[in-house]
Amino acid sequence: MPLSDDELKDAICEKAAKSPKPQLYIKDFYKCDPDAKPRKIKNVANELVREGRLMFWSSGSTTMYADPSRIQNEEKNR
Amino acid sequence: MAKHETPLLDQLEGGPWPSFVSDLKHQAETKPEVYDILGQLELSYKDRITHWKHGGIVGVFGYGGGIVGRYSDVPEQFPGVEHFHTIRVAQPASKYYSTENLRKLMDLWEKHGSGVTNMHGSTGDIILLGCRTEALEPFFWDLTHDMGQDLGGSGSNLRTPECCLGQSRCEWACYDTQETCYHLTLHYQDEIHRPAFPYKFKFKFSGCANDCVAAIARSDISVIGTWRDEIRIDQAAVKEYVAGNYPANGGSHSGRDWGPFDIQKEVIDLCPTECMWMEGDELKIDDKECTRCMHCINVMPRALRPGADQGASVLVGAKAPILDGAQMSTLIVPFMKVEKENEYEELIEFIETVWDWWMEVGKNRERVGETMQRIGLNNFIKIMGLEPIPQMIRIPRENPYVFWAEEEVEGGFDRDIDEFRARHAA
Amino acid sequence: MAKHETPLLDQLEGGPWPSFVSDLKHQAETKPEVYDILGQLELSYKDRITHWKHGGIVGVFGYGGGIVGRYSDVPEQFPGVEHFHTIRVAQPASKYYSTENLRKLMDLWEKHGSGVTNMHGSTGDIILLGCRTEALEPFFWDLTHDMGQDLGGSGSNLRTPECCLGQSRCEWACYDTQETCYHLTLHYQDEIHRPAFPYKFKFKFSGCANDCVAAIARSDISVIGTWRDEIRIDQAAVKEYVAGNYPANGGSHSGRDWGPFDIQKEVIDLCPTECMWMEGDELKIDDKECTRCMHCINVMPRALRPGADQGASVLVGAKAPILDGAQMSTLIVPFMKVEKENEYEELIEFIETVWDWWMEVGKNRERVGETMQRIGLNNFIKIMGLEPIPQMIRIPRENPYVFWAEEEVEGGFDRDIDEFRARHAA
Amino acid sequence: MGYNPDKPMEGRITDLGPPHYAQFFPPVIKENKGKWLWHEILQPGVLMHKSETGDEVYTVRVGTARLMTCQFVREICDIADAHCDGHLRFTTRNNIEFMVDAKDKVQPLLDDLASRGNKFPVGGTGAGVTNIVHTQGWIHCHTPATDASGPVKVVMDELFEYFTSMTLPAQVRIALACCLNMCGAVHASDIAILGIHRKPPMIDHKRITGVCELPLAIASCPLGAVKPAKAMVDGEEIKSVSVTVERCMFCGNCYTMCPAMPMADPDGDGIAILVGGKVSNTRSAPKFSKLVIPFLPNNTPLWPETVEAVKKILEAYAKDAKKYERVGEWAERIGWERFFEKCDIPFTEKSIDDYRLAYNTWRTTTQFKFTSHIK
Amino acid sequence: MGYNPDKPMEGRITDLGPPHYAQFFPPVIKENKGKWLWHEILQPGVLMHKSETGDEVYTVRVGTARLMTCQFVREICDIADAHCDGHLRFTTRNNIEFMVDAKDKVQPLLDDLASRGNKFPVGGTGAGVTNIVHTQGWIHCHTPATDASGPVKVVMDELFEYFTSMTLPAQVRIALACCLNMCGAVHASDIAILGIHRKPPMIDHKRITGVCELPLAIASCPLGAVKPAKAMVDGEEIKSVSVTVERCMFCGNCYTMCPAMPMADPDGDGIAILVGGKVSNTRSAPKFSKLVIPFLPNNTPLWPETVEAVKKILEAYAKDAKKYERVGEWAERIGWERFFEKCDIPFTEKSIDDYRLAYNTWRTTTQFKFTSHIK
């Protein structure tokens, strides 16, 4: 049984909060619901970004997701 | 921000080619932060090294692509470029502009950013070079609200698709590259703006095998126009070429005396499939042997035209060398109709079949061409639901290492060693 | 041993091609164990599977090569082939025989073995098929004492070298393949008879690029004749060809009407380097562009001959597909004089440089071509003490992944990060 | 109204995509799209396309530095307004195209362009050298091993006559990329100028913890040269990485993944030259570029060695190749050994592939030419 | 005297090597070695070589089964004694060559050969099919997936007219190997007949301990399909191996290294057909053979499917290729898609490489032909 959207959101946020890696690839979230299609995971993760519960981090070539409190913030590092 | 001495860069102001240094200096007069661009670049010329830090988090809210963060590693010296992010603005298909549109965009960019651009980036975007973090959202607001325009792609996204000018000004385009590019760009806005993939993904659209947008070398899905009937021949024009009345190759070689046009040497002998010949003064083509390489058409544009039953070949997997070496795209669908009528249904289905699989099995930072290599072409073909055909390969395999599936082999794989030994003493 | 029914094999007695079945049957009349060969083979035809066990340890004392052990897996049914070892007898270079020699060998083989042979094995040996263990030493005694002959190679040894017939009956041989082959075979008797290597090693010698002993495909060191001056042209003979008085390609195509000889189409247009042309009725060759592919010489043997300054190209590494895929030999020394005068000094030095290194670093069951692949061509060239030259490659590298050595780079690899950070804020 | 930082989501618009291209078409393009019959290059940089409607469009192609300011774009717009009804386009190689719908409008346009100094060179068509596809270099990127705009400027200055003429055997496409990422088409260009690093990354142990995910840095190296390691920072042992320098091939991927592993170096960095690639499917299949000069120094601001190398190759090609023959087709016809000789480029072992699939590049035939390389 | 098992070392002679070849030369060869000027094929199987001394040697080439008995060799000797002063040779492809030093000696020799039934077919020269290079098969080897002598006999029976004539576009070299070890030149032949296994090895746990070194067996597998495993033999646990069958590509190397891993199977084994290889450096470089028919059954004793397949390819080639064009050169000129069509061979995914270096075989151009494969 695939998770509901809200369950999936929670699972993703939890992963972002607890994972040893502070920043995660979209693929790292696939395991949050093995039954969901990649596109579904992506849509939900993006929804979380819109809600402010996740943030994007990009090197230009690669993009990652992070919990806003854990993201690597160049502005702050300066 | 004040002027810096730029003795090294100054040496790039002479010469016949347009000088970016002169241009920047000119702009600096009204946008003084450009002096810091020049200053930092001069320092790079002195030190022979970049003075930019590794990029990082910046973007507009809700977008995972379109902005590349950039900070100076000598901000005290050059405060004007302390933040120097680029903004990728999606270009109109094949880069036609009205001056009205361009002027408006420039006004906006002078207002929010450095006033320096690349027309265009290598992927095709309008690149706006140098923006402070706090100016990103205001710029984006104005771009969307005042101009109705939007950002392009970056990161692990679909990158801004690009096309050759195609039917708009070229007689050879076998499908409408611009409309296809535009349609798919709009169709996949979400994929362009929000990371969805293991790594970047690019589409490029060329109208014919000349491939003026270098799709076969630079795009994960390359759609290249072709035809499946006969090259259209105007024999009267052939005669004109033979008589030397029309310039060969549309005049491409007119700067040098190559001697009189020789249809045998210049066309027939260079046809890679040897499928052309003269019969009297008529040019004949054995079209079923033609591989539509475009050479003869290029050389005699007034006499030859692509066939009328047009479409495109779809190839997959091109990329630059990082990590395992460069790849050209591989021919997967030899011929596909590419039509607005059915909203590019076939192509879209193809793309999404690729994505659904690649999003699942592609490793992080693995381009689709590399995933194809990893799993093998046969598996890829199966995943795509296609039949294997010889058009997909250059040559059949040269090694004997065929994987047979158990169900293909009479009696399967299970055998009883004792039974075997009863017939074959050890 | 009695006759067996062989209904399947019997079907191989008709047809125009010589029948090994008829021959075996004939031999069986005087050597009844051959009935068991036929019997076991018939069983294989019935079962569609081999009835030989995995080979085993047999040999003559002090030799690690020359014999391949073989036992039947149905010895009760076919006691005549219970032991069925093969003996590899070194062939005379390019396989000329006197009937006296051959008859003697046959007598010996009928005495000690099955009376069945292969003339010859794929490596070139005389293969004597089917000997009992206890007969091996007596056969060897007689072979050495009565005939002055010896075994060839097998196992991780130097294998029996082989050559094309070369100067003995071919006008194109650019060095004496037979003498070279003979000399090296004698020179390396120890390596042929006693395992010295990580795996098998083969030499083959062809007198020209036609490569009639398939050296480039089948030998770890392939020595192939070539020249470095000009193709010798007899213009009078050219005219005869053009006039149709001499048959093209030495008559090779005379079974079919290919139309009159056309020097342009058949020679000039097929030259891979496009270095030939006619000037009036004279054939011209731009020899410095010629890659000595032999095509033109093959087609006009009476008009064209290899140049007079002759030698050989030395290539390394050919092998069959096990394990990582087949390899052709790679050009390492474009031109080497191969001369008896200095006892093949240069070639011998080359061979031993390869061996010294390969014996050291080659893994077990790794052919030299595979070792070359593993360490890279550049390292191999260095080990050989050669300069890298473009003749060794087909194309320059297509990836940018160059390994630079520390000493090649100004300032070396060691850098101080703190010093760097002083100039580049993190 | 405008962006309100206090209410960022209010009135937000997203996912508009690019404007529809057709609104920017000059009228003659709009009316003849899909109807073009043939074209002719009237003179270098000036194309004429003929439509089945009888219409003609005249295109004037103009080289640019690609790096351009708002001021400069406005000047382009001035020209387009004056001559082209306010329309223009950019090509896939960063040239500008001004289009007019009648032959008599061409010369005034050309005169106007010529009157503006070196800003608007006309050319880039047919069998010549067109604009150099290139990248950011020191003007913007964090990984370059050379600059982009500068080398392009000096090379184009030197090759200018080939931009404004059509005297070569075929089109010659030059590209520059400032690092191995090869943003552009360096891997498939007739002549390619490639920035390369030659020193392995340094490791900034002090910074690595904050900015790097060690597993990603370790996994980034295609040759496994990046290994986990301990390091001392301010007397404390931290987890970091080390690099086995003998295994490093300077690809830079570790730095892409980990900002604490900078590679750039004034002496280590420089330029490699690759040749013989092509993109089009005309005659021969697309080809990759091949490395022929492994290193030239970053001698700023004029990169004389690079300029000379490119010119030498181009001129050897111009002299020797047949009509229609691209650089790579020429090199294959004459043989690479002859290519090195004709271009007077010393052959080095760096041109011998030793990466994956390398066997495929070895010469497995007796066919070769006796060049000066054979002593 | 002879071998004395009680004193094996007494009087032992070793390392003699082969006899010197020159002692076996017919006189005309001895006198003219290195002096030959040109040759001509007078009729299929009959060559004449002309020396600068004016001498001529006439060679009559005769096909053999290669597998031959002492009796048969004696018959050859009889012929050589009668016509050739007691000299003869064998070619690198297992044909016999009888040489005479005058033209008038040719016909009596040919007549003699013809009088001996099907034993001594004359031919194998020029643009025809010569003898099939082949291997042991079921007559001697332990790893074959098919027989050698049998398939060669039936194929040569069918192609006999091409052995005795010179009507093909070029020489066609056929080879057979009974397993992937490819003893011979199957990997570089115009047409190759290759024995293949299609079932993974069985594991004879009862025998493995005695006959196998497990680490060698494990290391033998290029794909790592052989793994250490435990097995029960007579109630006792022993160390053995297991095979991951999905990873097995049936190369047989494990069996070579370990007799307790037999592979052969009546239904699993059969024949693959490869084409387009060549060895000579004439015109094009040497080429590898390519797999076009992945499997044909071992239908003993006449292998009708194999015979038909080879003949079909040969005849399609004979009909379509240009003079001098080898099979591989022809296939490349017309394109492999057309090859499959012209030879009426169904294309299967088995012809698509999925081993190492496979990318290199993919089609990375838009150039292709519309054949029946495109629906």
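As written, the chains take the letters A, B, C, D and E, and residue 1 is the first residue of each chain.
In the analysis below, a contact is a pair of C-beta atoms (placed from the backbone, for glycine too) under 8 Å apart; a residue touches a chain by one contact, two chains touch by 3 or more.
None of the values given here were measured: they were computed from a predicted structure.
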item: Any chain that touches chain E and chain D; value: B, C
item: Any chain that touches chain E and chain A; value: B, D
item: Maximum centroid distance from chain C, chain identifier (CA atoms); value: A
item: Centre distance in Å when chain C and chain D are each reduced to the mean of their C-alpha atoms; value: 47
item: Chain A and chain B: spacing of chain centres that average the CA atoms, whole Å; value: 30
item: Chain centre separation (chain A, chain C; CA means) in Å; value: 61
item: Centroid spacing, where centroids are CA-atom means, of chain B and chain D in whole angstrom; value: 13
item: Sequence positions of chain E contacting 2 or more other chains; value: 180, 182, 187, 211, 251, 259, 265, 267, 281, 285-286, 288, 355, 357, 359-360, 364-367
item: For chain C, residues contacting two or more additional chains; value: 47, 49, 51, 53, 209, 211, 216, 224, 272, 293, 321, 325-326, 328, 394, 398-401, 424, 426
item: Residues within chain A bordering two or more other chains; value: 59, 61-62, 72
item: All touching chain pairs, where touch follows the definition stated at the start; value: A-B, A-D, B-C, B-D, B-E, C-D, C-E, D-E
item: List of chain B residues in touch with chain C within their complex; value: 47, 49, 51, 53, 73-75, 321, 325-326, 398-401, 423-426
item: Of chain D, residues touching chain A in the complex; value: 181, 210-211, 213, 215-216, 256-257
item: Complex interface listing, chain E residues touching chain B; value: 180, 182, 187, 194, 196, 198-200, 202-207, 211, 245, 248-251, 259-260, 262, 265, 267-268, 272, 274, 288-292, 294, 333-340, 347-355, 358-371, 373-375
item: Chain A to chain B touching residues, read off their complex; value: 25-27, 30, 37-39, 42-43, 46, 49-50, 55-65, 71-75, 78
item: Residue ranges of chain B touching chain A (in the complex, touch as defined); value: 53-59, 62-65, 67-69, 71, 133, 154-157, 190, 194-200, 355-356, 359-360, 362-365
